[in-house]
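In this document, chain identifiers A, B, C, D, E and F correspond to the written order of the chains, with residue numbering beginning at 1 in each.
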Amino acid sequence: MTLSIDKPTSKKPPRLRDKTITLAHGSGGRAMQDLIEALFVQAFQEGPANALEDQARIPLDELTAQGDRLAFTTDSFVVDPIIFPGGDIGTLAVNGTVNDLAVSGAIPRYLTCAMILEEGLPMQTLRQVVASMAAAAKQAGVAIVTGDTKVVPRGGADKIFINTAGIGVMRTGVTPAAVHIQPGDVVLVNGPIGNHGATIMVARGELSLETDLQSDCQPLNGLVDAIVSVCPEVKAMRDATRGGLATVLNEFAESARVGIRLIEDQIPVDDAVKGLCELLGLDPLYLANEGKLVVVVPPEQAEEVLAAMRSHPSGTQSQIIGQVTEGQWVSLKTAFGTERVIDRLVDDQLPRIC
Amino acid sequence: MCLGIPGQILDITDAAQKLATVDVSGVRRQVNIACIVDEEHPVESCVGDWVLVHVGFAMNRIDPEEAQITLDLLAEMAEVHESLAPI
Amino acid sequence: MKYVQEFRDPQKAQGLLQQIEVLGQQLTQSRPGPIKIMEVCGGHTHSIFKYGLESLLPSTVELVHGPGCPVCIMPKGRLDDAIALAQNPNVILATFGDVMRVPGSKQSLLQAKAEGADIRMVYSPLDALAIAQKHPDREIVFFAIGFETTAPSTALTVLQAERQGIKNFSLFCNHVLVVPALEALLSNPDLQLDGFIGPGHVSMVIGARPYQVIAQRYRKPVTISGFEPLDILQSLWMVLRQLAEGRCEVENQYARLVQEQGNLVALEAMAKVFTVREQFEWRGLGDIPASGFKMHPDYAHFDAEAKFTLPHRQVADHKACACGEILKGVKKPWECKVFGTGCTPEHPIGACMVSSEGACAAYYKYGRAQTAPELVSR
Amino acid sequence: MTLSIDKPTSKKPPRLRDKTITLAHGSGGRAMQDLIEALFVQAFQEGPANALEDQARIPLDELTAQGDRLAFTTDSFVVDPIIFPGGDIGTLAVNGTVNDLAVSGAIPRYLTCAMILEEGLPMQTLRQVVASMAAAAKQAGVAIVTGDTKVVPRGGADKIFINTAGIGVMRTGVTPAAVHIQPGDVVLVNGPIGNHGATIMVARGELSLETDLQSDCQPLNGLVDAIVSVCPEVKAMRDATRGGLATVLNEFAESARVGIRLIEDQIPVDDAVKGLCELLGLDPLYLANEGKLVVVVPPEQAEEVLAAMRSHPSGTQSQIIGQVTEGQWVSLKTAFGTERVIDRLVDDQLPRIC
Amino acid sequence: MKYVQEFRDPQKAQGLLQQIEVLGQQLTQSRPGPIKIMEVCGGHTHSIFKYGLESLLPSTVELVHGPGCPVCIMPKGRLDDAIALAQNPNVILATFGDVMRVPGSKQSLLQAKAEGADIRMVYSPLDALAIAQKHPDREIVFFAIGFETTAPSTALTVLQAERQGIKNFSLFCNHVLVVPALEALLSNPDLQLDGFIGPGHVSMVIGARPYQVIAQRYRKPVTISGFEPLDILQSLWMVLRQLAEGRCEVENQYARLVQEQGNLVALEAMAKVFTVREQFEWRGLGDIPASGFKMHPDYAHFDAEAKFTLPHRQVADHKACACGEILKGVKKPWECKVFGTGCTPEHPIGACMVSSEGACAAYYKYGRAQTAPELVSR
Amino acid sequence: MCLGIPGQILDITDAAQKLATVDVSGVRRQVNIACIVDEEHPVESCVGDWVLVHVGFAMNRIDPEEAQITLDLLAEMAEVHESLAPI
């Protein structure tokens, strides 16, 4: 059973007396309904008023007023640990999907929230994650309009998994897509890379490392607005999540059948991320980000886009990091003046030590 | 082989076990400093030293003078090159 | 980053490169083919590709990538042993990330882990010891790999375990030694090398002295080198200079870290805990006498090979794999029939394709666009 | 990273050589891309042609041609075992979301597919589940247009979890919702209840029971078409999944502030479901279904709707099972001629034995 | 379903109901208040609510719901013991679903399971034994509950474990006995009961004879009854008929399953494996002499109370809870102050609210709309 | 208490262990039949018998004649009632 989260109810929400999540909270029975009403409905009540149905219902004319196409996306979030410096799995779950919509040039509008909870999860943890989701949704200006709750037996999942799907409206005339990329186009990024990946690696605790790093988790739709308003012709945008900057650029090159040449000196990387990479033999180009955007624009608009990005709070450290070329490789002009290929990795980077 | 990276000793966390905190460009970790402690270099004196960090151990102390000699030589060779380069 | 950034300054390379060019030309005037210098150490191989140093060199000077990656030379049989250990339900196998993807005869540690073996990646052998303290009811085996740089850390960890009376910890010892491997290479009549760039971090432990045999018996110049691009270029220049001057010596470019006598604490710890094996199998190179460590009899109670029954099967390398010839510097990766087709980082056939310090992986990752794009189907 | 599944690619898909899922398949690297291209893109290629972007893009005018509102829903599927008589988790994941759209009166159109896989999952199992999803989508006439793949370490999840989100277009003028239900309305169901719940309970093997039961898992959008075409005024529809028929009827009663009176003799229950319930002290009214629909219609249209349902293959055993009343309780006229309350359960039913 | 469906035919009830009405009127002519008949067994209580039988009865005849639900009468202390057993990391506790939600002093088994205790729900004690065979390295404790119906199965399972030499299996024995509980009730001066509907399935094991004491010493008629609605109505009629005819006998309505002597195999197995406790605590009723089984000394090696150290704390019932008076038939559920407000199936205070055979849960689930809607906030 | 349900024995799965398959309205399970086996009723003779199933054991055999007697009595009472009912 799915409950639309935005139940227009006058009655006061039930009190949640349970200290931990049990299988009852996923049973479809009253314990589940109480959880949904006491927690999710309260937190996410910003949405439009729908009845207590198994789906949200959205007038199409409200969407057609904003653009001509729907963007539709989904991501599951399984981050470990679920709470880390700079955010938690809830922040990620909202921003991740907001960003996947935003980079299509869409105005993100509505999100779903489907939780898989492990039996025994402290209720307090769930409260915190749900509060983060509500705050992130508010910040990004989206509504969480429908959801689902499943509970699996202890050991059947790792604390919390969240799936968010999202829809947004694509502005008429704005159609960023990797296939539009052409030689000569300019590649930008909105700030230092690798902070999220580095933060999570450290937060797991297995390496016994300490840093002051924080995840860069943030919504990018505001920044995209700024980009699109000066450059509706933007060729391509993508958030550089799993696989990092290198992976996104390889996807771009492959889709558009072009090469991309990066300038190492211009790619912003924070010192502690550099330190972690040196210590563990990693490459920051492949570290995950959760608030970093790669943008490709026609060369004549690069400076204007850069200026627009830098004047947005999410892009103050934006940089032009390279240019699209003929050819088929993503390559890097190293700080040493040489050139090397930046290929896709097969897999996650593992520490290289001995 | 054998990835090693310079780091600076911030403090001694356990003198008996020869454990110290090392900083590598903003990343901190506890390392064993047994290999750099001797009569001339008692544990406490190591704070501030630059060491080569490998798999959780400070393997050797970095000699700042030797480093400078190398850099000076390189600078000199680069200068000679500059002066020879076509104008 | 102090002691790092300064040695990556491209401006300072110009003089070195010019000198290398001059020396290269001079040295090849009276002989066919380029001067071949082997960087022994996988760390150097990694830096050379990461900084694209080969593209800066004149055609008269060629780098040959040596056997100095402890992961690349790990034979399949030893990996099978490690996997068998990990599959023992009471064992937690701890090891470095480096070795996780190396294919054994049936699978890698990563695959064994996916199928349920309890394998933990650690940054330090000390972290493996901490796991042992945390799980007193389990047996923790540290799969110890690495050259003399890493061996002291393992030895010091065993000494600490001994002091603390930790009984559920043991080593599956696979430490290997640089000089015996070089001697084995040098005794090979195929080999055509003119000199060596010596491993800086191994030398920080063992000192400069052990390389004298190379300079004196085999008459090849050696320069012990740091790992930053300027270190490597300077070392290359120093080897060429020796050749030009007709010298065969052990020189030390990495004086900021390497002393003549090595590190005495480290040497003592190794001497206590380990003893040299009669021989050890190197993937691609076969058995090499006195080229690895095993546990000293005094520390047999920390020896996983004594504590557990292991398959100990010798497994032949894949017959298409040219790893051995590549490690000897006889072939380049793209001369292997399966490079980039049957053998890729995704599905490596030989170990050289696994570690990013392996010559094949390094060429695949960094070198293809320049050296052999036509060999690689995308 | 999310890959739109319907990549228009001319190059032939990579060969999947791995026998099991490893963490590499969720890394964002080449192993993941190969998995997606070799498996998901091949299986789900029915969708519209989008570029390899992180979101599907759907022309809004295509939607406005079918209706005036969007229905948007999500469900995660965590069924254990993942393969059971009559279907698997893939069949469920598609039909579950198709049905949540259909019961709103919407024409289900597009689905997402987000998989959380446990390291060590046999590739063959994943292939089977994906094939089931493709087949179910084809049967329901929906396209799976975007997706996501995560892999968690062994023990971090139980084999496969799937989330599907879905969008559909609500026909203009058709607005089933529980709040519309009024005393006098008639309640129908499209066939015997409890088969899915009973099948899963037996398939877990813990009770060492054997039956010839099968899950009733099926798409209901065709049946809904049949209902709506004779009765656009349909008051409410809901698929009776977790919590079963009793839970749906309680939700209806609560939303509409009415009572509902069921006639036990008219509620279809298969013999083996009855047997299982007698053996374990369970009530079939609370057992889950995955292809059963509760419909409430105005009394004057009940017979016509019943006839329409019975002539559809998914409704041959449809029955009128009760009527809406004043009051606040769902009650049952027992086969013994008495009346009892059918309340919501707190939790899943547990076997009651001793 | 043969032997089930026939006994649910509402047509056949009409004659019975009419006779009950006639007898009820006749019996109450010369006395105040209705005739009160206790159905002892929770299974009967469940059927009465499931089929709405109370609504069919005349106001002259009232059913009182007795203490015959083994879950409802399980004291908190024993549940705490079971939870403590389950929290032992080496123990797997196996039990029936019935008992999973019953609140102990701090939590229920379901909550303990959510917090990590290894608790498995089984359909049969034989399934618990199978778990023991599958996990030879763990201790499997079967939390044995139930009246004489269930006790033989447990006993036969222990005898099988003995035959098969299974050593990692034991019982936490909480089997209870019907007749001693009834005697305890009957010795209570508060109690105003006119007769009993006897438990059919217990009687199938122990036979009809043990109830003679009720008929003879306490002068109350008893009819042993089946569980289908016609069975119960017929039994009620039979008790009323005895009353009307001034008889106090043990009659058997359930002759298709219950014989005078009971089941000899079952009785023998119980006699071997169990022995009667001096006393056992019943929730709501307190200690009742000779009302439960413990392991026979010959089978002490299967006794979890001997194998493990248990808290064995006696825990007082919640002071608001009227379970005891409800089990005695002195109060109706809705006369409890917290019924439907502080005490609901979601957050039960007393055990009668947990099991669907508990009188409070049954009223909450099936009876509220008719009997006490105003008591329940929705 | 003590949920029991009639089922029919389909076959003997293990005569030595006295195990049989029982069918309850299309649900099959292996049960222990020790309680219904005696000299008069050897294991093999139990196939086809109706028994009361409780927690994986066949606790007693159902006596079809006694069942019929009960049903006949109820039918008779119902008939008497019918005949007395106002027309």
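Note that in this section a contact is a pair of C-beta atoms (placed from the backbone, for glycine too) under 8 Å apart; a residue touches a chain by one contact, two chains touch by 3 or more.
Treat the numbers as computed from the prediction; the structure is a model and nothing was measured.
Chemist: Among the remaining chains, which ones contact both chain D and chain F?
Modeler: E
Chemist: Same or different interface residues for chain A and chain D, judged by whether over half of the residue numbers are used by both?
Modeler: same
Chemist: Specify the chain most distant from chain C by Cα centroid.
Modeler: F
Chemist: Counting only C-beta pairs in contact, which pair of chains has the most of them?
Modeler: Per chain pair, the contact count peaks at A-D.
Chemist: Can you work out the whole-Å distance between the CA centroids of chain E and chain F?
Modeler: 22
Chemist: Go ahead and note the Å separation of the Cα centroids belonging to chain A and chain E.
Modeler: That pair's centroid distance is 56 Å.
Chemist: Need the CA-centroid distance for the pair chain A / chain B, whole Å please.
Modeler: Comparing mean C-alpha positions, chain B is 39 Å from chain A.
Chemist: Indicate the whole-number Å distance between the mean C-alpha point of chain A and the mean C-alpha point of chain D.
Modeler: 28
Chemist: Which residues belonging to chain A are in contact with no fewer than two other chains?
Modeler: Touching at least two other chains: 23-24, 30-31, 207-209, 254, 271, 274-275, 278, 281, 345-347, 352-354.
Chemist: Residues of chain E touching 2+ other chains?
Modeler: Correct list: 1, 4, 13, 70, 96, 123-124, 127, 146, 149-150, 346, 357.
Chemist: If I count partner chains per residue in chain B, which residues reach a count of at least 2?
Modeler: 1-3, 5, 24-25, 29, 54-55
Chemist: Can you give me every chain pair that touches, using the contact definition above?
Modeler: Contact pairs between chains: A-B, A-C, A-D, A-E, B-C, C-D, D-E, D-F, E-F.
Chemist: For the complex, which residues does chain D have touching chain A?
Modeler: Touching chain A from chain D are residues 1-2, 22-24, 26-33, 51-61, 63-64, 67-78, 80, 100-101, 103-104, 106, 110, 112-116, 145-148, 150, 152, 155-158, 161, 163, 165, 167, 169-170, 177-179, 238-239, 241-244, 247-248, 251, 255, 288, 344-348.
Chemist: Help me check something: in the complex, which residues belonging to chain F touch chain D?
Modeler: The touching residues are 1-3, 5, 24-30, 53-56.
Chemist: Mind listing the chain A positions that touch chain B in their complex?
Modeler: Checking each residue of chain A against chain B gives 202, 207-213, 270-272, 274-276, 278-279, 281, 352-354.
Chemist: Residue numbers of chain C touching chain A in their complex, please.
Modeler: For chain C paired with chain A, touching residues are 1, 4, 8, 10, 13, 49-53, 55-56, 70-71, 96-98, 100-101, 120-124, 127, 145-146, 149-150, 229, 344-346, 355-357, 364-370, 378.
Chemist: Mind listing the chain F positions that touch chain E in their complex?
Modeler: 1-6, 8, 17, 24-25, 29, 32, 34-38, 50, 52, 54-57, 59-60, 62-64, 66-67, 69-71, 73-82, 84-85
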